[in-house]
Amino acid sequence: GDITLAQAQKILTAAVKKAEEIKVPMNIAIVDAGGNLKAFYRQEDAFIGSIDISIKKAVTARYFNMSTRALGAASQVGKSLYGIEVSNNGLILFAGGVLLVDGNNVIIGAIGVSGGSVDEDESVAMAGAAVIK
Amino acid sequence: GDITLAQAQKILTAAVKKAEEIKVPMNIAIVDAGGNLKAFYRQEDAFIGSIDISIKKAVTARYFNMSTRALGAASQVGKSLYGIEVSNNGLILFAGGVLLVDGNNVIIGAIGVSGGSVDEDESVAMAGAAVIK
Amino acid sequence: GDITLAQAQKILTAAVKKAEEIKVPMNIAIVDAGGNLKAFYRQEDAFIGSIDISIKKAVTARYFNMSTRALGAASQVGKSLYGIEVSNNGLILFAGGVLLVDGNNVIIGAIGVSGGSVDEDESVAMAGAAVIK
Amino acid sequence: GDITLAQAQKILTAAVKKAEEIKVPMNIAIVDAGGNLKAFYRQEDAFIGSIDISIKKAVTARYFNMSTRALGAASQVGKSLYGIEVSNNGLILFAGGVLLVDGNNVIIGAIGVSGGSVDEDESVAMAGAAVIK
(Lines give C-alpha, C1' and ligand atoms only; values in the text may rest on other atoms or scores of the structure.)
Protein backbone atom coordinates (compact mmCIF):
# COMPACT_ATOMS: atom_id res chain seq x y z
CA GLY A 1 0.00 0.00 0.00
CA ASP A 2 2.46 2.69 -1.08
CA ILE A 3 2.16 5.42 -3.66
CA THR A 4 3.67 4.83 -7.09
CA LEU A 5 5.45 7.44 -9.16
CA ALA A 6 2.67 7.15 -11.73
CA GLN A 7 0.09 7.99 -9.07
CA ALA A 8 2.23 10.86 -7.80
CA GLN A 9 2.51 12.30 -11.30
CA LYS A 10 -1.26 12.08 -11.75
CA ILE A 11 -1.76 13.88 -8.43
CA LEU A 12 0.78 16.57 -9.32
CA THR A 13 -0.88 17.15 -12.68
CA ALA A 14 -4.29 17.61 -11.03
CA ALA A 15 -2.81 19.92 -8.41
CA VAL A 16 -1.02 22.03 -11.00
CA LYS A 17 -4.24 22.31 -12.99
CA LYS A 18 -6.07 23.62 -9.94
CA ALA A 19 -3.24 26.05 -9.14
CA GLU A 20 -3.42 27.40 -12.67
CA GLU A 21 -7.19 27.80 -12.39
CA ILE A 22 -6.90 29.88 -9.22
CA LYS A 23 -3.82 31.66 -10.64
CA VAL A 24 -1.55 31.11 -7.63
CA PRO A 25 1.92 29.63 -8.27
CA MET A 26 2.51 26.75 -5.90
CA ASN A 27 5.06 24.38 -4.44
CA ILE A 28 3.57 20.88 -4.40
CA ALA A 29 5.19 18.01 -2.49
CA ILE A 30 4.17 14.37 -2.23
CA VAL A 31 5.49 11.95 0.36
CA ASP A 32 4.97 8.20 0.44
CA ALA A 33 3.49 6.08 3.22
CA GLY A 34 6.85 6.21 5.00
CA GLY A 35 6.79 10.00 5.01
CA ASN A 36 9.68 10.25 2.55
CA LEU A 37 9.68 12.60 -0.44
CA LYS A 38 8.27 10.94 -3.55
CA ALA A 39 7.74 13.80 -5.99
CA PHE A 40 7.83 17.59 -6.06
CA TYR A 41 7.02 20.45 -8.44
CA ARG A 42 7.61 24.17 -8.03
CA GLN A 43 5.80 26.45 -10.45
CA GLU A 44 7.37 29.63 -11.81
CA ASP A 45 7.34 32.50 -9.29
CA ALA A 46 6.20 30.29 -6.41
CA PHE A 47 7.71 31.36 -3.08
CA ILE A 48 11.18 29.91 -2.43
CA GLY A 49 10.35 29.63 1.26
CA SER A 50 7.41 27.40 0.41
CA ILE A 51 9.62 24.55 -0.82
CA ASP A 52 10.33 23.55 2.74
CA ILE A 53 6.82 24.35 3.94
CA SER A 54 5.14 22.22 1.26
CA ILE A 55 7.36 19.25 2.11
CA LYS A 56 6.82 19.75 5.85
CA LYS A 57 3.05 19.97 5.31
CA ALA A 58 3.05 16.61 3.53
CA VAL A 59 5.29 15.06 6.19
CA THR A 60 3.17 16.50 9.00
CA ALA A 61 -0.06 15.13 7.51
CA ARG A 62 1.38 11.64 7.13
CA TYR A 63 3.19 11.62 10.48
CA PHE A 64 -0.09 12.10 12.34
CA ASN A 65 -2.55 10.78 9.73
CA MET A 66 -4.61 13.91 9.65
CA SER A 67 -4.66 17.16 7.71
CA THR A 68 -2.35 19.92 8.87
CA ARG A 69 -5.51 21.96 9.40
CA ALA A 70 -6.77 19.39 11.92
CA LEU A 71 -3.40 19.11 13.66
CA GLY A 72 -3.14 22.87 13.77
CA ALA A 73 -6.52 23.18 15.47
CA ALA A 74 -5.30 20.84 18.21
CA SER A 75 -2.03 22.76 18.64
CA GLN A 76 -3.20 26.33 19.22
CA VAL A 77 -2.42 28.21 22.40
CA GLY A 78 -4.25 26.50 25.25
CA LYS A 79 -4.94 23.34 23.26
CA SER A 80 -3.59 19.90 24.07
CA LEU A 81 -0.84 19.70 21.45
CA TYR A 82 0.46 23.24 21.94
CA GLY A 83 4.14 23.41 20.91
CA ILE A 84 4.18 20.24 18.82
CA GLU A 85 5.69 22.16 15.89
CA VAL A 86 9.20 22.02 17.33
CA SER A 87 9.27 18.20 17.07
CA ASN A 88 10.33 16.23 14.01
CA ASN A 89 12.62 19.00 12.77
CA GLY A 90 9.62 21.27 12.38
CA LEU A 91 5.96 20.56 11.71
CA ILE A 92 3.54 22.89 9.94
CA LEU A 93 0.29 23.65 11.73
CA PHE A 94 -1.78 25.38 9.08
CA ALA A 95 -3.87 24.10 6.18
CA GLY A 96 -2.38 22.71 2.98
CA GLY A 97 -1.24 19.23 4.04
CA VAL A 98 -3.67 16.43 3.22
CA LEU A 99 -3.53 12.64 3.41
CA LEU A 100 -3.51 10.60 0.20
CA VAL A 101 -6.02 7.75 0.56
CA ASP A 102 -6.66 5.38 -2.31
CA GLY A 103 -9.91 3.76 -3.49
CA ASN A 104 -9.45 0.92 -1.01
CA ASN A 105 -9.24 3.42 1.85
CA VAL A 106 -5.51 2.76 2.32
CA ILE A 107 -3.26 5.68 3.26
CA ILE A 108 -0.56 5.72 0.58
CA GLY A 109 1.09 9.04 1.44
CA ALA A 110 0.33 12.72 1.75
CA ILE A 111 0.41 15.93 -0.28
CA GLY A 112 1.57 19.34 0.92
CA VAL A 113 0.97 22.59 -0.95
CA SER A 114 2.33 26.06 -0.21
CA GLY A 115 2.30 29.31 -2.15
CA GLY A 116 -0.98 31.09 -1.53
CA SER A 117 -3.35 31.61 1.36
CA VAL A 118 -3.80 28.51 3.48
CA ASP A 119 -7.26 28.00 1.99
CA GLU A 120 -5.88 28.21 -1.53
CA ASP A 121 -3.09 25.81 -0.60
CA GLU A 122 -5.57 23.32 0.80
CA SER A 123 -7.84 23.54 -2.23
CA VAL A 124 -4.91 22.61 -4.47
CA ALA A 125 -3.91 19.75 -2.15
CA MET A 126 -7.47 18.41 -2.17
CA ALA A 127 -7.68 18.65 -5.95
CA GLY A 128 -4.56 16.50 -6.08
CA ALA A 129 -5.76 14.04 -3.46
CA ALA A 130 -9.13 13.61 -5.20
CA VAL A 131 -7.75 11.86 -8.27
CA ILE A 132 -6.73 8.65 -6.51
CA LYS A 133 -9.87 8.11 -4.49
CA GLY B 1 17.05 40.53 -12.62
CA ASP B 2 19.49 39.97 -9.79
CA ILE B 3 21.24 42.43 -7.50
CA THR B 4 24.77 43.51 -8.34
CA LEU B 5 27.53 44.08 -5.82
CA ALA B 6 27.55 47.76 -6.80
CA GLN B 7 23.84 48.02 -5.97
CA ALA B 8 24.39 46.18 -2.70
CA GLN B 9 27.17 48.57 -1.70
CA LYS B 10 24.96 51.56 -2.47
CA ILE B 11 22.18 50.08 -0.33
CA LEU B 12 24.57 49.31 2.54
CA THR B 13 25.95 52.85 2.44
CA ALA B 14 22.46 54.34 2.68
CA ALA B 15 21.49 51.96 5.47
CA VAL B 16 24.65 52.76 7.46
CA LYS B 17 23.97 56.48 7.04
CA LYS B 18 20.47 56.04 8.49
CA ALA B 19 21.81 53.90 11.36
CA GLU B 20 24.31 56.63 12.20
CA GLU B 21 21.58 59.25 12.14
CA ILE B 22 19.46 57.35 14.64
CA LYS B 23 22.59 56.39 16.60
CA VAL B 24 21.88 52.64 16.75
CA PRO B 25 24.65 50.25 15.65
CA MET B 26 23.26 47.71 13.21
CA ASN B 27 23.86 44.44 11.41
CA ILE B 28 22.81 44.84 7.79
CA ALA B 29 22.47 41.86 5.44
CA ILE B 30 21.58 41.74 1.76
CA VAL B 31 20.52 38.60 -0.11
CA ASP B 32 20.08 38.19 -3.86
CA ALA B 33 16.98 37.04 -5.76
CA GLY B 34 17.88 33.42 -4.96
CA GLY B 35 17.95 34.18 -1.23
CA ASN B 36 21.72 33.78 -1.01
CA LEU B 37 23.94 36.24 0.94
CA LYS B 38 25.29 39.00 -1.28
CA ALA B 39 26.75 41.55 1.17
CA PHE B 40 26.89 42.24 4.89
CA TYR B 41 28.11 44.94 7.29
CA ARG B 42 28.23 44.96 11.08
CA GLN B 43 28.82 48.28 12.75
CA GLU B 44 30.90 48.65 15.90
CA ASP B 45 29.07 47.51 19.05
CA ALA B 46 26.16 46.00 17.12
CA PHE B 47 24.75 42.89 18.78
CA ILE B 48 26.58 39.68 17.84
CA GLY B 49 23.30 37.80 18.05
CA SER B 50 21.88 40.05 15.39
CA ILE B 51 24.21 38.74 12.69
CA ASP B 52 22.03 35.69 12.25
CA ILE B 53 18.80 37.63 12.74
CA SER B 54 19.66 40.21 10.08
CA ILE B 55 20.48 37.47 7.58
CA LYS B 56 17.33 35.51 8.46
CA LYS B 57 15.23 38.66 8.10
CA ALA B 58 16.54 39.22 4.58
CA VAL B 59 16.02 35.55 3.69
CA THR B 60 12.51 35.55 5.17
CA ALA B 61 11.48 38.65 3.19
CA ARG B 62 12.71 37.15 -0.08
CA TYR B 63 11.37 33.66 0.60
CA PHE B 64 7.82 34.97 0.85
CA ASN B 65 8.10 38.22 -1.14
CA MET B 66 6.85 40.40 1.67
CA SER B 67 8.28 42.31 4.61
CA THR B 68 8.96 40.37 7.79
CA ARG B 69 6.48 42.76 9.43
CA ALA B 70 3.73 41.58 7.07
CA LEU B 71 4.61 37.91 7.45
CA GLY B 72 4.74 38.34 11.20
CA ALA B 73 1.27 39.86 11.25
CA ALA B 74 -0.07 36.76 9.49
CA SER B 75 1.74 34.41 11.88
CA GLN B 76 0.57 35.63 15.27
CA VAL B 77 -1.33 33.46 17.71
CA GLY B 78 -4.67 32.64 16.14
CA LYS B 79 -3.64 33.81 12.67
CA SER B 80 -3.41 31.61 9.60
CA LEU B 81 0.37 31.16 9.46
CA TYR B 82 0.92 30.57 13.17
CA GLY B 83 4.04 28.44 13.68
CA ILE B 84 5.63 29.15 10.26
CA GLU B 85 8.88 30.19 11.94
CA VAL B 86 10.04 26.59 12.43
CA SER B 87 10.34 26.10 8.66
CA ASN B 88 13.34 26.96 6.50
CA ASN B 89 15.80 26.57 9.38
CA GLY B 90 14.18 29.46 11.18
CA LEU B 91 12.28 32.47 9.91
CA ILE B 92 12.08 35.86 11.64
CA LEU B 93 8.59 37.24 12.15
CA PHE B 94 9.24 40.80 13.30
CA ALA B 95 10.00 43.97 11.38
CA GLY B 96 13.37 44.71 9.78
CA GLY B 97 13.32 42.55 6.64
CA VAL B 98 12.28 44.33 3.45
CA LEU B 99 12.21 43.38 -0.23
CA LEU B 100 14.59 45.07 -2.66
CA VAL B 101 12.64 46.13 -5.75
CA ASP B 102 14.34 48.03 -8.56
CA GLY B 103 13.01 50.86 -10.74
CA ASN B 104 11.49 48.35 -13.17
CA ASN B 105 9.51 46.78 -10.32
CA VAL B 106 11.65 43.62 -10.38
CA ILE B 107 12.48 41.90 -7.09
CA ILE B 108 16.27 41.72 -7.01
CA GLY B 109 16.76 40.57 -3.42
CA ALA B 110 16.04 41.64 0.14
CA ILE B 111 17.62 43.50 3.05
CA GLY B 112 17.52 42.53 6.72
CA VAL B 113 18.54 44.79 9.58
CA SER B 114 18.91 43.95 13.27
CA GLY B 115 20.38 45.83 16.21
CA GLY B 116 17.77 48.18 17.59
CA SER B 117 14.03 48.16 18.17
CA VAL B 118 12.13 46.51 15.32
CA ASP B 119 10.90 49.91 14.18
CA GLU B 120 14.46 51.25 14.13
CA ASP B 121 15.61 48.15 12.26
CA GLU B 122 12.89 48.57 9.66
CA SER B 123 13.62 52.28 9.19
CA VAL B 124 17.23 51.41 8.36
CA ALA B 125 16.15 48.63 5.99
CA MET B 126 13.77 50.98 4.21
CA ALA B 127 16.43 53.67 3.92
CA GLY B 128 18.60 51.08 2.19
CA ALA B 129 15.83 49.77 -0.05
CA ALA B 130 14.87 53.28 -1.14
CA VAL B 131 18.06 53.98 -3.09
CA ILE B 132 17.43 51.46 -5.87
CA LYS B 133 13.82 52.36 -6.59
CA GLY C 1 17.92 32.46 -17.25
CA ASP C 2 16.18 30.12 -14.84
CA ILE C 3 14.66 26.69 -15.40
CA THR C 4 10.91 26.40 -15.99
CA LEU C 5 8.72 23.63 -14.63
CA ALA C 6 8.05 22.52 -18.21
CA GLN C 7 11.79 22.13 -18.80
CA ALA C 8 12.19 20.29 -15.50
CA GLN C 9 9.41 17.85 -16.43
CA LYS C 10 11.03 17.18 -19.80
CA ILE C 11 14.36 16.51 -18.08
CA LEU C 12 12.74 14.22 -15.48
CA THR C 13 10.97 12.26 -18.23
CA ALA C 14 14.23 11.70 -20.10
CA ALA C 15 16.04 10.71 -16.92
CA VAL C 16 13.31 8.25 -15.93
CA LYS C 17 13.45 6.71 -19.41
CA LYS C 18 17.19 6.16 -19.05
CA ALA C 19 16.77 4.71 -15.56
CA GLU C 20 14.20 2.27 -16.89
CA GLU C 21 16.52 1.25 -19.72
CA ILE C 22 19.34 0.40 -17.33
CA LYS C 23 16.85 -1.09 -14.86
CA VAL C 24 18.01 0.84 -11.79
CA PRO C 25 15.37 2.69 -9.73
CA MET C 26 16.51 6.25 -9.11
CA ASN C 27 15.93 9.41 -7.13
CA ILE C 28 16.11 12.38 -9.50
CA ALA C 29 16.31 15.97 -8.23
CA ILE C 30 16.39 19.23 -10.14
CA VAL C 31 17.39 22.59 -8.67
CA ASP C 32 17.05 26.01 -10.28
CA ALA C 33 19.79 28.57 -10.92
CA GLY C 34 19.55 29.71 -7.29
CA GLY C 35 20.19 26.16 -6.07
CA ASN C 36 16.61 25.74 -4.80
CA LEU C 37 14.59 22.54 -5.42
CA LYS C 38 12.47 22.79 -8.57
CA ALA C 39 11.27 19.21 -9.18
CA PHE C 40 11.86 15.70 -7.88
CA TYR C 41 10.86 12.10 -8.69
CA ARG C 42 11.57 8.90 -6.79
CA GLN C 43 10.94 5.66 -8.62
CA GLU C 44 9.54 2.57 -6.91
CA ASP C 45 12.13 0.75 -4.80
CA ALA C 46 14.73 3.52 -5.11
CA PHE C 47 16.85 3.94 -1.96
CA ILE C 48 15.24 6.19 0.65
CA GLY C 49 18.71 7.41 1.63
CA SER C 50 19.22 8.63 -1.90
CA ILE C 51 16.53 11.31 -1.63
CA ASP C 52 18.93 13.55 0.25
CA ILE C 53 21.92 12.49 -1.83
CA SER C 54 20.22 13.27 -5.13
CA ILE C 55 19.21 16.73 -3.90
CA LYS C 56 22.69 17.40 -2.48
CA LYS C 57 24.27 16.28 -5.78
CA ALA C 58 22.18 18.81 -7.70
CA VAL C 59 22.93 21.54 -5.18
CA THR C 60 26.65 20.73 -5.19
CA ALA C 61 26.85 20.88 -9.00
CA ARG C 62 25.14 24.27 -9.11
CA TYR C 63 26.99 25.69 -6.11
CA PHE C 64 30.34 25.21 -7.86
CA ASN C 65 29.24 25.15 -11.50
CA MET C 66 30.82 21.78 -12.22
CA SER C 67 29.83 18.12 -12.05
CA THR C 68 30.08 16.40 -8.69
CA ARG C 69 32.55 14.06 -10.40
CA ALA C 70 34.84 17.00 -11.18
CA LEU C 71 34.52 18.50 -7.72
CA GLY C 72 35.15 15.10 -6.18
CA ALA C 73 38.35 14.68 -8.18
CA ALA C 74 39.65 17.96 -6.74
CA SER C 75 38.67 16.97 -3.20
CA GLN C 76 40.38 13.61 -2.78
CA VAL C 77 43.01 12.93 -0.13
CA GLY C 78 46.02 15.07 -0.92
CA LYS C 79 44.13 17.26 -3.43
CA SER C 80 43.53 20.98 -3.06
CA LEU C 81 39.87 20.88 -1.95
CA TYR C 82 40.19 18.00 0.52
CA GLY C 83 37.53 18.33 3.21
CA ILE C 84 35.19 20.63 1.27
CA GLU C 85 32.26 18.28 1.91
CA VAL C 86 31.69 19.64 5.43
CA SER C 87 30.64 23.01 4.03
CA ASN C 88 27.16 24.01 2.88
CA ASN C 89 25.44 21.51 5.18
CA GLY C 90 27.06 18.67 3.29
CA LEU C 91 28.27 18.37 -0.28
CA ILE C 92 28.41 15.16 -2.32
CA LEU C 93 31.74 14.43 -3.97
CA PHE C 94 30.93 11.52 -6.26
CA ALA C 95 29.40 11.36 -9.73
CA GLY C 96 25.72 11.91 -10.41
CA GLY C 97 25.36 15.69 -10.16
CA VAL C 98 25.46 17.56 -13.47
CA LEU C 99 24.84 21.16 -14.52
CA LEU C 100 21.81 22.03 -16.65
CA VAL C 101 22.93 24.30 -19.48
CA ASP C 102 20.46 25.46 -22.12
CA GLY C 103 20.94 25.96 -25.85
CA ASN C 104 22.19 29.51 -25.29
CA ASN C 105 24.91 28.17 -22.97
CA VAL C 106 23.21 29.61 -19.88
CA ILE C 107 23.30 27.66 -16.62
CA ILE C 108 19.65 27.24 -15.64
CA GLY C 109 20.07 24.77 -12.78
CA ALA C 110 21.43 21.30 -12.05
CA ILE C 111 20.28 17.69 -11.83
CA GLY C 112 21.29 15.14 -9.21
CA VAL C 113 20.66 11.41 -9.47
CA SER C 114 21.17 8.71 -6.85
CA GLY C 115 20.16 5.06 -6.65
CA GLY C 116 22.72 2.97 -8.50
CA SER C 117 26.46 2.97 -8.99
CA VAL C 118 27.88 6.44 -9.44
CA ASP C 119 28.42 5.75 -13.13
CA GLU C 120 24.79 4.67 -13.51
CA ASP C 121 23.66 7.73 -11.59
CA GLU C 122 25.68 10.02 -13.83
CA SER C 123 24.43 8.37 -17.02
CA VAL C 124 20.86 9.09 -15.93
CA ALA C 125 21.74 12.68 -15.00
CA MET C 126 23.38 13.22 -18.38
CA ALA C 127 20.41 11.73 -20.22
CA GLY C 128 18.25 14.29 -18.45
CA ALA C 129 20.61 17.20 -19.03
CA ALA C 130 20.89 16.36 -22.74
CA VAL C 131 17.29 17.25 -23.61
CA ILE C 132 17.61 20.99 -23.02
CA LYS C 133 20.86 21.57 -24.90
CA GLY D 1 41.95 45.32 19.48
CA ASP D 2 39.03 44.52 17.20
CA ILE D 3 38.46 45.27 13.55
CA THR D 4 36.33 48.31 12.67
CA LEU D 5 33.83 48.45 9.83
CA ALA D 6 36.03 51.08 8.19
CA GLN D 7 39.00 48.70 8.27
CA ALA D 8 36.84 45.87 6.94
CA GLN D 9 35.65 48.02 4.04
CA LYS D 10 39.23 48.96 3.20
CA ILE D 11 40.21 45.29 3.22
CA LEU D 12 37.23 44.31 1.07
CA THR D 13 38.07 47.03 -1.45
CA ALA D 14 41.65 45.81 -1.76
CA ALA D 15 40.52 42.20 -2.07
CA VAL D 16 37.96 43.05 -4.76
CA LYS D 17 40.65 44.97 -6.66
CA LYS D 18 42.89 41.91 -6.63
CA ALA D 19 40.02 39.63 -7.68
CA GLU D 20 39.30 41.90 -10.62
CA GLU D 21 42.96 41.90 -11.61
CA ILE D 22 43.11 38.10 -11.74
CA LYS D 23 39.61 38.01 -13.27
CA VAL D 24 38.10 35.51 -10.83
CA PRO D 25 34.77 36.40 -9.16
CA MET D 26 35.06 35.86 -5.44
CA ASN D 27 33.18 35.58 -2.17
CA ILE D 28 35.05 37.57 0.48
CA ALA D 29 34.23 37.29 4.19
CA ILE D 30 35.72 39.11 7.16
CA VAL D 31 35.28 38.05 10.78
CA ASP D 32 36.25 40.02 13.86
CA ALA D 33 38.55 38.98 16.71
CA GLY D 34 35.64 37.02 18.21
CA GLY D 35 35.25 35.01 15.02
CA ASN D 36 31.90 36.61 14.20
CA LEU D 37 30.97 37.89 10.73
CA LYS D 38 31.89 41.55 10.28
CA ALA D 39 31.53 42.15 6.53
CA PHE D 40 30.96 40.20 3.34
CA TYR D 41 30.89 40.79 -0.44
CA ARG D 42 29.96 38.40 -3.24
CA GLN D 43 30.92 39.45 -6.74
CA GLU D 44 28.73 38.73 -9.77
CA ASP D 45 28.95 35.10 -10.92
CA ALA D 46 30.94 33.97 -7.87
CA PHE D 47 30.04 30.43 -6.80
CA ILE D 48 27.00 30.24 -4.51
CA GLY D 49 28.63 27.38 -2.62
CA SER D 50 31.55 29.63 -1.79
CA ILE D 51 29.50 31.90 0.48
CA ASP D 52 29.69 29.34 3.24
CA ILE D 53 33.26 28.34 2.40
CA SER D 54 34.58 31.91 2.51
CA ILE D 55 32.97 32.51 5.90
CA LYS D 56 34.23 29.16 7.22
CA LYS D 57 37.74 29.95 5.98
CA ALA D 58 37.77 33.22 7.92
CA VAL D 59 36.35 31.53 11.02
CA THR D 60 38.83 28.66 10.75
CA ALA D 61 41.81 31.02 10.48
CA ARG D 62 40.73 33.01 13.54
CA TYR D 63 39.70 29.98 15.61
CA PHE D 64 43.23 28.57 15.42
CA ASN D 65 45.22 31.75 14.70
CA MET D 66 46.81 30.39 11.58
CA SER D 67 46.06 30.34 7.89
CA THR D 68 43.74 27.62 6.61
CA ARG D 69 46.68 26.47 4.49
CA ALA D 70 48.74 25.87 7.63
CA LEU D 71 45.88 24.15 9.47
CA GLY D 72 45.19 22.03 6.40
CA ALA D 73 48.78 20.85 6.28
CA ALA D 74 48.49 19.62 9.87
CA SER D 75 45.16 17.88 9.17
CA GLN D 76 45.99 15.64 6.22
CA VAL D 77 45.66 11.87 6.38
CA GLY D 78 48.25 10.61 8.87
CA LYS D 79 48.88 14.03 10.37
CA SER D 80 48.18 14.98 13.96
CA LEU D 81 44.98 16.97 13.40
CA TYR D 82 43.40 14.54 10.96
CA GLY D 83 39.58 14.86 11.09
CA ILE D 84 39.48 18.30 12.73
CA GLU D 85 37.16 19.57 9.98
CA VAL D 86 34.09 18.01 11.57
CA SER D 87 34.42 20.24 14.64
CA ASN D 88 32.93 23.73 15.00
CA ASN D 89 30.14 23.03 12.52
CA GLY D 90 32.72 22.52 9.80
CA LEU D 91 36.21 23.89 9.29
CA ILE D 92 37.90 24.45 5.92
CA LEU D 93 41.33 22.93 5.48
CA PHE D 94 42.57 24.50 2.25
CA ALA D 95 44.13 27.85 1.45
CA GLY D 96 42.19 31.09 1.33
CA GLY D 97 41.72 31.92 5.02
CA VAL D 98 44.24 34.38 6.45
CA LEU D 99 44.60 36.21 9.78
CA LEU D 100 44.15 39.97 9.91
CA VAL D 101 47.00 41.48 11.93
CA ASP D 102 47.31 45.23 12.38
CA GLY D 103 50.41 47.46 12.47
CA ASN D 104 50.83 46.82 16.19
CA ASN D 105 50.92 43.06 15.55
CA VAL D 106 47.50 42.56 17.12
CA ILE D 107 45.15 39.97 15.61
CA ILE D 108 41.96 41.88 14.82
CA GLY D 109 40.14 39.23 12.82
CA ALA D 110 40.51 37.09 9.71
CA ILE D 111 39.59 37.10 6.02
CA GLY D 112 38.32 34.14 3.99
CA VAL D 113 38.10 34.07 0.20
CA SER D 114 36.53 31.45 -2.07
CA GLY D 115 35.74 31.37 -5.78
CA GLY D 116 38.86 30.31 -7.66
CA SER D 117 41.72 27.90 -7.17
CA VAL D 118 42.97 27.81 -3.60
CA ASP D 119 46.07 29.74 -4.65
CA GLU D 120 43.94 32.41 -6.29
CA ASP D 121 41.73 32.57 -3.22
CA GLU D 122 44.72 33.00 -0.94
CA SER D 123 46.27 35.70 -3.13
CA VAL D 124 43.07 37.73 -2.82
CA ALA D 125 42.93 37.16 0.93
CA MET D 126 46.54 38.31 1.30
CA ALA D 127 45.92 41.39 -0.83
CA GLY D 128 43.12 42.27 1.57
CA ALA D 129 45.14 41.51 4.71
CA ALA D 130 48.08 43.59 3.48
CA VAL D 131 46.30 46.93 3.71
CA ILE D 132 46.08 47.02 7.50
CA LYS D 133 49.63 45.98 8.30
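Think of it as A, B, C and D in the order they're written, each chain with its own count starting at 1.
Assume contacts are C-beta pairs under 8 Å (C-beta built on N, C-alpha and C of every residue); 3 or more make two chains touch, one makes a residue touch a chain.
Keep in mind that this is a model prediction, so the values were computed, not measured.
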item: Farthest chain (mean CA position) relative to subunit D; value: A
item: Subunit A-subunit B separation of Cα centroids, rounded to whole Å; value: 29
item: Distance between chain centroids, defined by C-alpha means - subunit A, subunit D (Å); value: 42
item: Centre-of-Cα separation between subunit C and subunit A, whole angstrom; value: 25
item: For subunit B, residues that touch 2 or more chains besides their own; value: 32, 34-36
item: Topology of the chain contact graph, where touching chains are joined (line, ring, star, complete, other); value: other
item: Pairwise chain contacts, counting only pairs that touch as defined; value: A-B, A-C, B-C, B-D, C-D
item: Partner subunit A, residues of subunit B touching it in the complex; value: 34-35, 59-60, 62-65, 77-78, 80-84, 86-88, 91
item: In the complex, subunit B residues that touch subunit D; value: 4-5, 8-9, 16, 32, 34, 36-44, 48, 51
item: Subunit B contact footprint on subunit C (complex, rising order); value: 32-36
item: Residues of subunit A defined as touching subunit B within the complex; value: 47-50, 52-53, 56, 72, 75-77, 85-86, 90-95, 117-118
